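The following pair of complexes shares a single chain, chain A, combined with chain B in the former and chain C in the latter.
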Partner chain A sequence: MATTATTADGARKKLLEVKGLRTYFDVEGQTAKAVDGVDFFIHENEVFGLVGESGSGKSVTALSVMRLIPDPPGWIDGGEVLFRGKNLLDLTYDEMRKIRGNDISMIFQEPMTALNPVYSIGFQLTEALQHHQVMSRQDARERAVEMLDLVGIPDASRRLGNYPHEFSGGMRQRAMIAMALSLTPHLLIADEPTTALDVTIQAQILELMLDLRQQTGDSSIMLITHDLAVVAETCERVAVMYGGKIQEVAEVKRLFTNPEHPYTRGLLASLPRPDRVKQKRLQTIPGIVPSILDFPKGCKFWTRCPVKEDVCEQVEPELVKVEEGHWCRCHLVSAAETPPVEAPAGEPEGGTE
Partner chain B sequence: MSDSTGKSDGKLLDVKDLKIYYPIHAGVFLKKVGDVKAVDGVSFTVKEGETLGLVGESGCGKTTVGKGIMRLVDVTSGTIDFTTKAGETIDVVPLDRGSMRPIRAEVQMIYQDPFSSLNPRWSVGDIIAEPLGVHMPELSGKERDDKVAWLLEKVGLRGEQAGRYPHEFSGGQRQRVGIARALATAPRLVLADEPVSALDVSIQAQVVNLMQDLQEEFGLTYLFIAHDLSVVEHISHRIAVMYLGNLVEIGPAREVYSNPIHPYTRALISAVPLPEPSMGRPDRQRLVGEVPSPLNKPSGCPFRTRCPLAVESCAGDLPPLIEVAPDRQVACPVVAGDSASGA
Partner chain C sequence: MHGMISYFIRRLLLIPITFVCITFMVYGIMRLSPGGPIEQARTQMLMAQMQEGGGGAFSQIGELALPQDAIDQLKIYYKLHRSIPVGYMIWLGVWPDDDRGGIFSGIIQGDFGISYRYSDSVLSTIVSKFPISVTFGLIGYLATWIVCIPLGVQKALLHRTWFDMTTSLAVFLGYSIPGFVACLALMLMFGTSLVWDLFPLGGFRSENWNDMWAAGNIWWCIKDQAWHMFIPLVGYVMSGFATMTILMKNSLLDNLGADYVRTAFAKGLSERRVIFLHALRNSMIPICVGIGGAIGLLFAGSFLIEKTCNIPGMGLLGFNSLIERDYPVLMGILVFGVLIRLTGNILSDLILAFIDPRVRFK
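Now for the complex of A and B:
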């Protein structure tokens, strides 16, 4: 499986590479820099997590990749989104339409708002199939039944005629996944796919997403969540966002056992740990997440950082490599070797494939 | 505030066989055609000074239990005995609005959504002062302002912020305002319904710590209703697990978490993701299907339709809570026998 995703020299191929992405919004005359210079990449056949609190820019990053930023008030101010080497930001509207669904598809947090309430589930599933793949109505219907079956909706052929309100929350999310995966996209972007669901259903849905990925071949998943525990269980690599920037990227095991950024450390320490010896009090990150309009100058996190120094208030740190596959944006964390000239989350030598 | 009168057996709240049904009406004459059995015979006690965590998935009836205790919904049957500051034990179920009012001062509520539970047109000072106006009308304006400032400081805000409006605060700060409002009448019991679910991870821990500090300072008793088992396990002394309107297991928090006995509790706890990448959950018990509708509950044990251990007799009567160890009860005759002999 992994062999298909490597280049000749043994390195894994990058499916998506985001470089210097900036997405801004106009908020009552002020510019909200929701995403302000984001760099990361996703390998082929990889589950990649993007973690952050509300307002960190994680969803805007995903919507920018899909080119779904409402304009106005928002716009992509700069950067590149390279999908298999092609910059999606250069595509025309029609070209991008072909990419969505076929190559990259997305599932959202609240399936009730993402599904159209006045069309049956079957119609919504087959519509996408007929639009993107030249397929007869009969074939599309068969494929739709097959997909609903695959995501574990019982009695799928009868269920095609149901409307979204006739499905439970978990079933709606399954239907969304069926829809998103019916065209076997190379990249599935899942934005908080289980946040609205109960834990037992969450476990079912996450398992389902991972299972289907194996079945459909070499696709990658970008999982956006605020829940570090979900990341720990499902992802291979993870990026932590705060204040519209990536603050730390690493393999999941590295990040959880050896977090470098004070924000990542704070987040991990503040989680209640029922699997460990009970602490009387939880550790906290002081203060509040600043409003998107007044993130501080310098490091975005310094106002809440327990170890900040004077330099942090003035100079924004670069994302530097601390060890193989592990980058961190903090003045107090020293780079492995000489820091790269510009600060890409990708390998410094990595250009376009 | 700290004048806790000594009481019979330390039970602040004693709920017995609580049933809350919502009638369904249909047809031209709106004839009653059935009931949604939201809470279907729930019994538990909350001791003074403890935190009882009430957990379960959406639709299990945990919020309705809280509303029943506050008498915000009509109780179908059962008793809810509350021991007042004066040491009297009163069943709140038959009380009318007027006689419920003094109890309301002693039982307060914290809500989930700090964005919709505060009136956006009122300053936070007015929001916190409102229960004071109702329950302590004898206070002068100055006394009331002082009390509001004192409460704001108790929850980690500043007294001079009383003139600000909810939109000027972040989610976590609003939840602090909600807590200050709940504490205004010096309650003994605080029902907290998902108080941290809407908050960001880094803010959740702050609010959980605040609630624990206030509990220590004022001797508060909490009924902590939530679906996040990790948070509930952290804050609670005991945990009660609900499924489809019934309690299935109750016991000390750590024990219920680390050694769940009821098949539903086991599945629920094994589904909780842990922030530990190396571990995985090989022990994860996958539940099939979804929670049945409370409109037509299965006969007997409500969990039997999804239970891996279900036997024929489970369809008979509703299994009662069986004591399997001191302070530990489980509503499953199939597993209770094993654990009782093991304990």
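Now for the complex of A and C:
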């Protein structure tokens, strides 16, 4: 997958560019900064991963791109979401509506509840088609059957009349993918599409998404996940989020072989590695993600960071370029850009390198 | 589909069993409770004597004011000389009534008996009240829907805005003021010259209504009917107002936060379509299920409102029959009430199966 290691950013067109995105929520009178200054971009025809623990702000980032933040209690406080050069945050409601489902579509985590229980699969598949394109009922139906066929649902034309509860979880997610790709969007946002599924189904669904992307016209995919294994297998570039901010962005290969941020290192160290025979027990990152209202001043990660210094508690580090295509938000990294920081003494995660 | 049909057939077959259980219990309780027809007759006798004989009648309190043969007659009439099960079976029509020459004559044969109070057939007494209660119940229920559903929807869409807050005040008021009290207040304000003498002080229709109807003065009749019905209808709507509005609001609010609504928005559908096609249909499920239960209410009427507004409907009939221990009428009302309630429950299931594809009965 990660074949573009040497490609300069400028060589590929950016499909989506998010700049300084801030999405806040009102939580009982306090402002929860779920997304607090997020910058990243996605190339055309690229699979981009957004990784982080629950509460890191990755789903909110995705919903902000779609402008689907429930208001109240949430709102987009600032920033830009440039989609093919157009700032989506400046669009009127109706203009945005034409983009949703048509240019950018989304698959959600929970296939059991993401479909309306009282309407048939066929109804829910065709309504978006008929809504965005002038299409006869018959044509929409044919397209729906075609899409269900593509996502591997047998006996598709009969299955159109089924209701969501008559589908298994994996089949519902297939139907969701069919729905999301039926209008050949430029960008498919997949928010933990496999988290709620059986492990055996997960691989199938991921493969299906990647396959279909090619078949239906080279969409980009923004894959949101907390599963680094999924990222390693599917993505070209990946961004790691923590505390509502991007902490590190890099090509997948580089991120896995040469992580700079202590958080990324911690995440990688916590992966089971069957090829490392000597490893006896999995590493964990100490502590838990703080409540969204309690994120510290300074670096968001210092409370759990094994290598923090005094400056980390006071000053928020900037996202700095470590190398072409690799950015990192860490005082230690920016202080010693070359050579990159090696694991300090007593820091246990060296074993995974 | 096959399973559904057999499910409903089984439900229908359960009706007679439930019916017998309920009516037998009520029959037994009536027989065992004090103040039965004989005491009632005795009191009436006493009252009559008091009016005739003035203060002298007080000396007779506690003594039998009723001749023994009259008591025996009453006992036979009310089957009080029979055991409760036998009396019940005679009432039901599955046991020969020896006092009437051993014939089977109960509700199965369509014989509901004679009202003690009206000296008229129970069946015709009930049937004559039926249209009045149904008119009120049906229009009242429709009016409740027309008021509460749009209001609940609007409250959900404008959750926590000033509109929601101010209408919540109305909901609290509606919840704390019983319908019949609202009727009384309205009659006081708009039925007398206190504020504005606008509406009549109760009654179902004007006395000359039937004449006017016969004379073909239909427009006048409709106006007169509406004029009489306004205040009681407000009472009816008040009774269900708070519950239904809040049920609608909460149900829609729940569904607006559901994942599938987010999916529908993500597809780029219009807000109107997402709310009214996707969310509203799901949030109507709990409200539609209430229809079956409401049908029982249509029949029963609200005796408090009928009493305060002096409407001669089922509620008032039941209330008066209870006060005067008019057992045949009470049992007759029970028969209709139970049957309608039981079919109403099945109707609820049918409606549920119709609007929610997840519901399948086996």
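Rule of thumb we're sticking to: the second predicted complex is superposed on the first by the 322 of 353 C-alpha atoms of A that agree within 3 Å, B and C clash if a C-alpha of one lies under 4 Å from a C-alpha of the other, contacts with A are read in each partner's own complex, and residues count from 1 in each chain.
Following the convention adopted for this analysis, a residue touches a chain if its C-beta (ideal position, glycine included) is under 8 Å from a C-beta of that chain, and two chains touch if they have at least 3 such contacts.
Quick caveat, the model's predicted, so the values are computed rather than measured.
In this overlay on chain A, chain B fits alongside chain C without clashing. Shared-chain residue A:68: touches chain C; no touch with chain B. Legend: residue contacts after superposition of the two complexes on their common chain; A:106 is shown touching chain C, with no touch to chain B. In the superposition on chain A, A:202 contacts chain B only, with no contact to chain C.
Between chain B and chain C, the partner in contact with more residues of chain A is B. When both complexes are overlaid on chain A, the residue A:132 reaches chain C alone and has no touch with chain B. Of the two partner chains placed around the shared chain by superposition, neither chain B nor chain C is touched by A:324. By the touch criterion defined above, A:229 lies against chain B but remains apart from chain C after alignment on the C-alpha atoms of chain A. Once chain A of one complex is fitted onto chain A of the other, the partner contacts of A:165 are limited to chain C, with no touch recorded for chain B. Legend: residue contacts after superposition of the two complexes on their common chain; A:267 is shown touching chain B, with no touch to chain C. Superposing the two structures on chain A brings chain B to within 6 Å of chain C, judged by their nearest Cα atoms.
Comparing which residues of chain A touch chain B with which touch chain C, the overlap is empty.
Chain A makes touch with chain B in their complex at residues 53-54, 168-171, 198-204, 207, 226-233, 252-253, 256-257, 266-268, 270-275, 278, 280-286, 288-289, 304.
By the touch criterion given at the top, residues 66, 68, 70, 72, 93, 97-102, 105-106, 108, 110, 113-120, 127-128, 131-132, 163, 165, 176, 179 of chain A touch chain C in their complex.
Those residues of chain B that touch chain A in the complex are listed here as 57-58, 170-173, 200-206, 208-209, 212, 227, 229-231, 233-234, 254, 257-258, 267-268, 271-281, 284, 286-287, 290. Those residues of chain C lying in contact with chain A across their complex are 160, 257-260, 262-271, 273, 278, 281-282, 285, 355-358.
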